[in-house]
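Alright, structures below, take your time with them.
Both of the next two complexes hold chain A, though its partner changes from chain B to chain C.
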Partner chain A sequence: MTAYFKEIISGTWSLFVGLGITIVYFFKPVVTLQYPHETLPMTPRYRGHIDLVWDEVRGTNKCIVCNGCMKACPSNCITLAGEKAEGGKGKVLTQYTLDFTKCSLCGLCVEVCPTEALDFSKEYNLAGFDEKDYVFDLLKRLEAKHS
Partner chain B sequence: MFFIDAELIRLLAFVLGVIGFVALNAAYLVWLERKEAGHIQRRIGPKEVGPFGLLQPLADALKLMTKNLITPDGVDPILFKIAPILVMVPAIMSFVTLPFSDTLVARNLDVGLLAVFAFASINVLGLLLGAWGSRNKYAVISAARVVSQNVAYEIPMLVIIVTLVMITGTLNLHEIVTLQTGGFWHWNVLKFSASPLMPVAFIIFFICMLAETNRAPFDMAEAESELVAGAFTEYPGMGFGVFFMGEYANIVVGTSLATILFLGGWDCPLGLFPGVHWFLIKMYALIFVVIWIRWTYPRTTFYGLLNLSWKILIPVAFFNLILTSAMLKVF
Partner chain C sequence: MNAFAPNPTNETFVLNLGPQHPATHGVLRIKLVMDGEYVVEAEPVLGYIHRMHEKMGENRTWAQFMPNTGRMDYLHALAYNHNFACIVERAAGIEVPERAEFIRVITSELNRISSHLLWFGAFILDLGGFSPLLYAFDDREQILDLLETVTGSRLTYCYFRFGGVYNDIDENFEAGARAFVARMRERMPMYHALVTKNIILMKRLTDIGHVPAEMCRKYGATGPVARGAGIDFDVRKHEPFSIYPRFDFDIPVYHEADSMARYMVRMDEIEQSLRIIEQALGAMPEGPVMAEKVPKTLKPPKGDYYHAVETARGSFGIRAVSDGTNTPWRLKLRTPSYSNLIVFGEAARGMLLPDALALLGSLDLVIPEIDR
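What follows is the complex of A and B.
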């Protein structure tokens, strides 16, 4: 009989304890980030898709068209083309496309590059309706950023 | 000259007012529920549609109304269509006799309390018919649970009501409130001269009210993790919407009744400025608690639910009844 009353009292008490916990949480500030309206600062080592690096001294990209990245890529998603530089030695980059639908973000292209012409971008808002939206022309991106 | 009876205008005003009040509450309690649930889980809740998400109920209603009203194969077409109405209409009917303030009452019936309980019991019938008419095994299981749950919880509730009627000596809701006016120490919840267990009686009434309106933690009718959506499984679009609104309308009726019976209706706690605003403040405070409880406790098991009623609530309610009658006889 005492166990019966004890259970009623301890049970009721535990219910009020539960209510106390939730009401405390009710008045605590919200912790969710309202993503499209606000974003967290980007971490410096974030690895998005690759991007060409701007050479401040020469005022162009750093690529020497060695094709190292194209050969290193395990997914075959990099295509690049170059032509003989006018009046000098070496080659100039004319086209650099990245097929991001195949890219696995392994970063081997960035590691293999002898002139550090490649880097990871901080792009992550990458939703789209078409496969073609993900074939990036990186040379055009670089020029758009520095024009 | 065309003559309109003043009584007719009054009646029309009350019909429109009550339907408007119920519809507005049904819509905005959903918003309140989602906001409160959000903040308890440290989220924001609806915020995109209108300022503070205040237009969210309109968007929801629009979405439900654009949906096709399918009547599935094999359902009983009459029962299937009549069930949502049977849940919604009694809730609105109960407002006929609920007094909001000293003067704001549609019809002050002498058996008002009885009328409210008579209407409230139709709610279960609506769920039962809807579930049976759906011809869905989950719906039928849900209906069986709801009926046994409501039978179990109507007993302690009515025993508490009998106790209350013994104290007040009337079934007229207006008179019950009038007897409690003059400050919070006159309210039935603190009427220790009648029975020292009155706060317990209030808690029992509140628990039974939660069970009768099928609110969590007693939402056996719509145990979504076990029974898909229980009695509402086969209902598309606005058929489901009406059930949903009926649930919130029933919560409004239940909390209004708790306010009238135990918390002094429109009476101010300190005896100053009584009026309809006090009624609404108390009612919405109780609704806040109802939602707070839903987002605190998980759903009980079915056996736990029936054990609570038959082993704890009913004995305590009967003990309170005997104690009250003894105290009324002695003092």
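What follows is the complex of A and C.
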């Protein structure tokens, strides 16, 4: 019988302890960030979708069309094409398409690139309604950014 | 002991729990044969999120399978990364630099804590308590922010590489991890006062949902489910991998085998993980984070390999068969939740429906890992 009443008392007390904790936290500063009105800067290593890197010296992209990224990709989301450079040696990039719907952001393409022509973008606001919006023409993106 | 219906009748009905039910945390379906409020029989039905990960492993190179591992158990992705990295390193004979091993242990223990915190919040939510989830997510957010600064992602990490890790950690991460350990130690007594000692939680978990040791052995249940039944088995201690033997930590074991025991095992594991992180941060050596001699096209020698790690849910093993080419010949994935779930069919017999849901929550299931 005493155990029964003891349990009622200790049980009720445990509820008040819990209430006490929530009341203390009620008066502490708010930890929630009011996204999208407030945003945090992305960390330097944040992995968004890949992006071509601008070569300041040559004023173009750094790609040498070795197809390494295309072969390294586990989901075949990269398609690229190049043509023989006019007069010079090597190849220049003519098209670079990323199908972001299939990308798993593993970073194998960035790792495999011999000229560091690829990098992660810091974009994360990528909600949309159409599948076609996620097939990015990275070469066009790069040229638009630097024109 | 489970209490069967006081007056068993022949008028049973079938209740479908899921495949889309908030308490099943994903697309798990459980066919329950009910006699009033009592469960007569429970049969888990799988296959709603099967993605053929094993088959996918057979038609891509070893390195290309790495992102898949993080997508099986999205709550403890780094342990899955770790296991796959370890098995390929074992097969190909790649030595991992010391510093990389330390980084692996620290990040994967942080990930374990974040997994337990999410389970903690969601489990209490299943039982009808809302506010602990918010506290748990506040702490979990700290871990996700920390891991984001080194791995670049927040949930489905693809951070480990054969022979090391993707990139090095910096002082900010070390300071952040130290601050988190201190913060979490302060918060644990709060969790215990708010939740563990709460009379409603105790009444709903103590002596309810028995999964005894024989049942665990019968179905191959591992992790907190087995340790809550008194089986002292943790891969980190009993089949040591990586540099875990160097750290001083305990394996929490409870003998009650009820839902409360499993709850306590996980809460104690958070504290043990904090101890490991603290020791690893203190003994962190300098040096490279990537082995030098990793061949570009990896072709592990012919053979049959097995490696297991301890994830937040139990023992995760990979059996890899290599035929000497650049793609695996076979990848068999032994995931812990699969065995832990099958226990439910027998353990839930004769339970009240709300108690059966508490049992389901205490198993800590991640459905994509069961179906993989």
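One rule holds for everything that comes next: the second predicted complex is superposed on the first by the 118 of 147 C-alpha atoms of A that agree within 3 Å, B and C clash if a C-alpha of one lies under 4 Å from a C-alpha of the other, contacts with A are read in each partner's own complex, and residues count from 1 in each chain.
Convention: a contact is a pair of C-beta atoms (placed from the backbone, for glycine too) under 8 Å apart; a residue touches a chain by one contact, two chains touch by 3 or more.
On a predicted model such as this, the values are computed, not experimentally measured, just so you know.
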item	value
Which of chain B and chain C A:Arg45 touches, first, second, both or neither	second
Which of chain B and chain C A:Gly90 touches, first, second, both or neither	neither
Which superposed partner A:Gly18 touches (first chain B, second chain C, both, neither)	both
Which superposed partner A:Ala72 touches (first chain B, second chain C, both, neither)	second
Contacts of A:Gln34 with chain B and chain C, given as first, second, both or neither	first
Chain B or chain C, by number of chain A residues touched	C
Partner chain in contact with A:Phe26 - chain B first, chain C second, else both or neither	first
Footprint overlap on chain A, comparing chain B with chain C	15, 18, 21-22, 25, 31
Touching residues on chain C, where the partner in the complex is chain A	60, 63-68, 71, 131, 135, 138, 141, 148-153, 156, 158, 161, 166-167, 190, 193-195, 197-200
Touching residues (chain side chain A, partner chain B) in the complex	8, 15, 18-19, 21-23, 25-32, 34
Chain C-touching residues of chain A, taken from the complex the two chains share	7, 10-12, 14-15, 17-18, 21-22, 25, 31, 43, 45-47, 72-74, 104-108, 111, 120
Touching residues on chain B, where the partner in the complex is chain A	36, 38-44, 47, 292-293, 295-297, 312
